[in-house]
Amino acid sequence: MHVPDLFFMFFTIFVLVTASIVAFSSNMLHSAFTLFFVLFGMAGFYVLLGGDFVAMVQLMVYAGGVNVLLIFGTMLTGDIAKPEISNLSFQGILTFFSGVSFMAVLLTVFEKTEWTLLEKGVREPTTAELGKLLLKDYILPFEVISFLLLAAMVGSVLIVLQREKD
Amino acid sequence: MLSHILTWVVFLPLLGIPVLFALPKDKAKWVTLAATIADFIIAIPIFIGFNKSIPGVSNPNQMQFVEKFDWIPSLGVQYYMGIDGLSVTMILLTLLIGVLATLASWNINKFERGYFSMFLLLQAAMLGVFVALDLILFFIFWEVMLFPMYFLIGVWGGPRRVYAAIKFFLYTLFGGVGMLLSFIAMWYFTPGERTFDMIEMLARVSAGGVFEGPDILGMPFAKVIFVVLFVGFAIKVPIFPFHTWLPDAHVEAPTAISVILAGVLLKMGTYGFLRINFPMFPEVFAWFRDFLIALAVINIVYGALCALAQKDLKKMIAYSSISHMGFILLGIGAATTQGINGAMLQMFNHGTITAMLFLLVGVIYDRAHHREINGFGGLASVVPIFATLTSFAFMAGIGLPGLSGFVSELLILAGSFKEYQVATILAGLGIILGAGYMLWSYQRVFFGPLNEKYKDLSDVNIIEVFSLAPLLVIIVYLGIFPNAVIQYFEVSLNHISRLLLP
Amino acid sequence: MGLSAYLMVSAGLFALGMIMFISKKNTIGILMGVELVLNSAALNFMAFSYFTPSKGNQLDGQIFAIFIILLAAAEAVVALGIAIAAYKEYNHVQADELISLKG
Amino acid sequence: MDFIQTSITIIPFLPLLGALVLGLFGKKIQAALGENMTGIIGCATPVIAAVLAFSSFFVLLGMEPEQRIVRVTMATWVSVAEFSVDWAFRYDTLTSMMLMIITGVGSLIHIYSMGYMHKDESFWRFFAYINLFLSAMLMLVLGDNLLIMFLGWEGVGLCSYLLIGFWFSNYDFATAGKKAFIVNRIGDLGFIVGMFLLVLYSSLNFDIVTLSFGELEERALTLSQFTIWNWPLLEVVSICFFIGAMGKSAQIPLYIWLPDAMAGPTPVSALIHAATMVTAGVYMIGRMFFIYSLAPEAMEFIALIGALTCFFAATVGMAQMDIKKVLAYSTVSQLGYMFLGMGVGSFSYGLFHLLTHAAFKACLFMAAGSIIVALHHEQDMRKMGGVLKKMPITGYSFIAATFAIMGFPGTSGFFSKDEILEGAFLSGHPILWALGFVAAGITSFYMWRAVFMTFYGEYRGDEETWDHCHEQPKRTVVPIAILAIAALLLGFLNVPDYLGGSELFSHYLEPFVVNLNHQANYVAPVLTEAEHHRHEMLEWGLMIGTVSWSLFTAFLAWFLYIKSPQTREKIMAGSSPQALFTLLANKYYVDELYDTVVVEPLGKLYRFLAKFDQKVVDGAVNGAGHLGRIFGQLAGLFDAKIVDGMVNETAWFTQIAGRGMSVLQSGRIQALVGSSLLLISGVATLLMLYLD
Amino acid sequence: MINTLPYLSLIPAHVLIALAILFFFVAKAIPGIKKIPQAPVFYLVLLGAFLLEGMQDGSEVIFFDMLRVDSFSRTMNQVLLVITAATLFLLHYSDEMDKEYNWENYGLLSTLLLGMMFMTCSIHLLMVVIAIELVSLPSYLLVGMNRKDPASKEASLKYVLFGSFATGIMLYGMSLLFGLTGSLVFSDIWKGLLKVELINSPIYILALFMSFAGIAFKIAAVPFHFWCPDAYQAAPTPVTAFLSTAPKVAGLALFMRLLDEHFSIQASGLMEMIAIISMLTMTLGNLAALKQTNLKRLIAYSSISHAGFLLMGVATLDEVGRQAVYFYIPIYILMNFGAFTALIYMVKDNKFDISNFKGMIRTQPMLVTFFAICIFSLVGVPPFAGFIGKFYLFKAAIAKGLWLLVVVAGVNSVIALVYYVGILKVMIIDEPDHQTLQVKSNPILMGALAICSVPLVFFGLYWQPIVVWTQSILLFR
């Protein structure tokens, strides 16, 4: 067993456990904070998969941005004074089984599929190459997504600030 | 004008609509009357100039008063109108019923302009159906009838009008959609070059062409198309078991609309059989024929039996229509010359007779405000003229010799007897039952001790006489000289008979 | 560890995300489920980028993953904005109580 | 020729004109010009027609026997492809006889009616109807083809319907009219099918289809070679037409309408239900004798039905109390004789009986009507008696006609009935003869019974009526007397050979109606002198037997009703005679039988079907909806609260299907997502299973 | 490094709209510009973009396999621009959106528009995702802008959640596609899927189906349609009109482009898949519509079923089917905008319940007549254009032998009748009562309504112009 495999095992257990806590915790804040660990674990996977830059983006944007946003959201939409914000589930068993069965479908399908595989994956720094790609092949999405972010920002502000009904 | 006479005839009623909205609303009925009468008058050259000796039907160059323009060239859809023996009498019937139904609408006093504009639209659409020779044009006219009819029943009808109107609309649209799909499939798999020109299609079929397509959901193409088309038209006829909309629609519709419904609309189904459904698929027709005859007999006997049980006069007549339409189907199904000619004659005769019956029911309904057969009694002594007129209509409905209904039923039965003896005899039972329900209801309404409630009932007034008299004259005249009408279509229908029975 | 191991992890995350999505009462909780789903998709892209040959650049998958992260951010912004607006309107964001629109 | 052509063209349309005038303007005429004028208009047309008919007859007599036929073709009626029928009339010896009966008896009855219908407010309507009837009846006999005959056939049926229900405010009368019409319709179906069979085989074998009698006669031999349904074609055709005749001429089993038809005014009974219309069936068989001659089995059948009807109707007649009912059953019975005659091939005798019957039965009915009017519309013989004193002319006319109907030697009935019975016997149908023979006695019995109950003995009604009872006016009495004389004398037209006569009537008809034993292909048994002699003796024997049997029963009637009513009461007190009497009085319960076997099941059937139509057919087409509702309820998804849908009461079926989806539309986003997820995985799984 | 600027000259309309987005978002901050009336500016921009699209020519693949601009994309973009202009027009007459925030609203609308314009020409999965998101996010926000309906925020929230769900599924599916083929460009994906053992295998179906989720979400096809009724009901009516048409057009354009490069060996499976989606969509949409009492919601469901019908044309996967879809698009836009214009005309204060329309014809005969034309056209009865649209769709499906689909569609067009005619029944047959809306007449809106409904009759009788137009769209060439 190679070292990366050990890391993989670790991250797998780590991510699935934390994700389960996110999913099944009944305290909203617990979920929100635990999500940070999930995202961190994901970054670990990315590193294992040769995506050093992506892992960094994951940590900065996702863990640092989105997750913080979610925590803020949790607090803003609940009673801030209360430490516990409910994150209860309902139709639990049924949901659980339908989720699990869906996963079973996915796994069966994957199992049946013969993927074309590379001889061996490469793990080397990708930042430079990604930069080039972003400014050449992916210049258009790169530009367009800026509009997306702009619209998202302005729009969110707008909808929150909208006048009360008159 | 003669060169575009069909267009004029079809669209003249539409010209009435703007006029009608321009004038005060109490003038609406006069505008409508003027429009329908004018339509009748400008159509006279058609009946005079019609060449009775050429069959048309499957011969493109034998259609008369043809108007043919490219309409949607990309699709090969044409504005193609023309008539042959098959359509000419139906046009006559439609024009006639149009005028009479206008008279029958004289008492409409709710949204006159809306009523009469819908009425005129309906009239134009009905005429269009009978002259269109392009499948798409035909279908458009066919469906255009639906929404005026919906409103005419729905707004101006009886207490359960909404139900009846939507039921009518649903049934007919259901059939219509099937028809449309079949038309498209027929277009796609036309023998030879694709076309919507039904005469051209027929010409190719009669020259040996066959609609060949892939199996549809595991069933042979031609059979499926045939059956779907059949259902589409059968709903209009209506044929058991698609008939249940008819009693409801009749009961709820205002008098004039019942008249049109029974007089013209039902004929479109059988017209469709003769023009499109059967001749296009002669082989399937041969396969389907026994079943068709069975349906016809069921229609006749079943309709008559149901009519016996009805308590509402209009419903009784509606079921009698079902029974009578069964005769038409019987004649067409037998497809012998007499049978098919008789069917066509019956289409005309049933149009006039049933129209008269509904007009008469309308007269009594206007006065008594109900139609319960058992709610009357002894009216013959109070309203003798009305009773006499009714007896004429009833006797014509029974098929008394000397009145028009007899000749057509005779021809149908004689024709079908050549091919289906037992069915014909069973259908003959329908005639007996017909006498039963007609006389029984007549007796309950007009005979027996006078119902005191109605001792001051007034007899028919002048407008009603004007709307009834022409029908009476036609019924009697055609009983004596049916060939006055038969001569128009005989050649064409003999031709169809040859197409169907090679 | 091979491709299928990663796919299993991503399938697991996907299923957890779905479960959250279907079962959470709090809107923010549902959003978290969405994040899990998006992460599973990104993980897939990363894994495929690493294990399978790519027609274009081998890093296409990684680029896609980056964009997924950005999209997630944008979506989260909008979703939270709307959630807060809704909170102002109804004083809660419990999905099971937001049922005035139905039928 | 020309005269005949003109007159036969005019004859049927004269009464039609009268009917039209009276029908359209009768009410005004009656109001303005009075009843008399109306009556005169009504009577004028048949009288003129009668004059024309008789003059035509004499013109015809002046022609060679073989050429006594005139045809008039006026226009085409129906013509489709090879099927073509004309408006055409045919006048030959048979027609001339019928024309005279119809117009002659018709005229008399019209005149009689002026008296009978006096002071009826619908006087004009009566004449309109009865004129119309004459017109139709004339069409029937004049028609050159089956279709015109059928036109008349139905036309007389219609008029019969109208006249039976003439006093329509009485619901039962109207019902009787309806019954007559519908029963006739059943027979007509047979008629029509017969026609169709001829059409069918004509179109198969000839260029044109014809229903004209002349051409059918030419084709008869050809047609006789075919079979249908494993039967000789002409047998089937004959039976079919005979079914028509059964309806019209009230034979078993379709006779039930005739007794009820007595609900109509008495002139109607006399004209339509005795003299003319009901004999149409006999006329039809005579007209088409060439077909019947080729259908021996059908002939047997006709003879059998005729004899049975004759017998059973006569027995029922014995027990009736209503004088018109007695006459009605008597009519049925006499019609049975006619059919017996036709059935055994003695066409001319059957037709002769038609003629004589027209005279004596019309006379009987009119006399009865006269009495009924005089007794304030009392028809029950138990409340009559001794009327002869008050109404001698009527009474003696009635008695004269009774002599005729019983077959008293020398009267018309004697010759006609006797020849029929003789024909039956000689053609080898002893059993049928026996039925007819017994019936002859019964006839004599019930007729004399009627005479004795009505005219003799003590009056049994109330005083006031008796006081007002008097002889009717001339216009009523004269026609009765004329007919009575005719009833006595007409018989001499056809005195049989063995009585030294020359069978004038049969010979007159001969060119167009040939008795079976005179037909070309009839192989007459060669009789030796002795056999010939024995034959004659037999004829004499039969005649004497019948006459003495009739006289005996007449005596019996006298004995039981005049001489010794006590004996009658004693006999009637016995249980079995009483049971028999009840059975007969109730007409063998045939009406009840029809009710239970036909009418009630039919009623059940149509009521069931009407429900079936409403619930099942209508429902089945909407079946998806029903299923949807059931599933909806099962799944607990059916929400009764949402009944007030937008399209409520319209198309509820589809709506319910929509309602089943409401769980998806609960408004909870999770439900939505969950279901879409389930849908996805469901579809995916299905696809995989399917595609693997 | 390759200069990408020249590529921009091939998408000038996109650029113009992008500039407009910046302008609308930023301009408010600049004191002088703030006073400029916003709407004319937007109209000008739209007109400019329309003309720019019209001036272009030829077919190019640009931005390194990201976009493909051709006559198809340009025509679709023009359609989208027209829809946007119509929406802008309706926004003037609606009281549901806060006019104070017009700058921002227009900015969001422009963003949406830009996204759709990219949807019509994307040929790269990443571009597809971004374009779809570019459409989705402003849509979520616009739905929440209805001041008159308190449920607006709820709808918006549901919409965003559901949208994220669909995006998640789509991304997951795309990842599988990427894994299977190693490519993100449409043509390469189809080539990559060309392996025999792969076709119609579970993973193939799963990957494709999940990838279609985003598109299905945009055109509101089953099972991604659940957001649709809520969002349509609670959104400001002009936005509803917009959302019920424009994203569908863009989504269909994208769908057709995505499917265009498939190989014939793949056709049957795809056809089946899309046919199933199509059948489910039209059936569920129709059935759910039957019991609606809110007019806006009803039209939402009807638009779902119409999406099903449109997918019928897509399912044939051939030129005929696409032509039928092109044919239906303008008609569908006219019908829908006609209906929504009438609603805006009639309804104030969010009274969309069907009972508010009782006996409307007594007071507003013209209005109801026009509305009825639109409704009958939606039903698809002649002589209205909706019939012709369905006619072409049926024709395409029959030509391909998709009989089951044809039958289901046929039955559905009958079911649809029930609820559509139910509306008319309320408006025309029922008697008015106190609930019935009082309508102030507005000639301009009436004119707009006439512009929508009169062509429906005209095209119903003479549709050759649309045929010519559809033929002018040289697809992907």
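Chains here go by letter, A, B, C, D and E, matching the order in which they are written, and residues are numbered from 1 within each.
By definition in this document, a contact is a pair of C-beta atoms (placed from the backbone, for glycine too) under 8 Å apart; a residue touches a chain by one contact, two chains touch by 3 or more.
In this text the structure is predicted, and so the values were computed from the model without any measurement.
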Chain of greatest Cα-centre distance to chain D | A
When the contacting C-beta pairs are counted for B-D and for B-E, which pair yields the higher total?
-> B-D
Between chain A and chain D, what's the gap in Å when you average each chain's C-alpha atoms?
-> 99
Whole-Å distance, chain B centre to chain C centre, using C-alpha means?
-> 63
From the C-alpha centre of chain B to that of chain D, how far is it in Å?
-> 36
Distance from the mean Cα position of chain E to that of chain B, given in whole angstrom = 43
Shared interface positions of chain B, touching two or more other chains | 162, 166, 170
Shared-contact residues (touching 2 or more other chains) in chain D = 647, 650-651, 662, 665, 667, 669-670, 673-674, 677, 684, 688
Residue numbers in chain E touching two or more further chains are 65, 126, 130, 133, 137, 141, 144, 150, 156, 158, 161, 165, 169, 179, 182, 201-202, 206, 229-230, 291-293, 418, 421-422, 425
In their shared complex, at which residues does chain A touch chain E?
-> 105-106, 108-110, 112-116, 135-141, 144-145, 147-148, 150-152, 154-156, 158-159, 162-163, 165-166
Complex interface listing, chain C residues touching chain A | 1-9, 11-16, 18-20, 22-29, 31-33, 35-36, 39, 42-43, 46-47, 49-53, 56-60, 62-63, 65-67, 69-78, 80-88, 92-93, 96
Chain E touches which residues of chain B in the complex?
-> 71-75, 114, 136, 139-144, 146-147, 150-151, 154-155, 161-162, 165-166, 169-170, 173-174, 176-178, 180-181, 184-185, 187-188, 214, 216-217
Spell out the part of chain D that touches chain B in their complex, as residue ranges.
-> 23, 27, 75-83, 87, 147, 150-151, 153-155, 158, 161, 165, 168-171, 174-175, 177-178, 181-182, 185-186, 189, 192-193, 195-197, 199-200, 203, 228-229, 602-603, 605-607, 609-610, 613-614, 617-618, 620-621, 647, 649-651
Touching residues (chain side chain E, partner chain A) in the complex = 1-2, 4, 7, 18, 21, 25, 63-67, 98, 100-101, 104, 107-108, 111, 114, 118, 126-127, 130-131, 133-134, 137-138, 141, 144-145, 147, 150, 156, 179-180, 182, 197, 201-203, 206
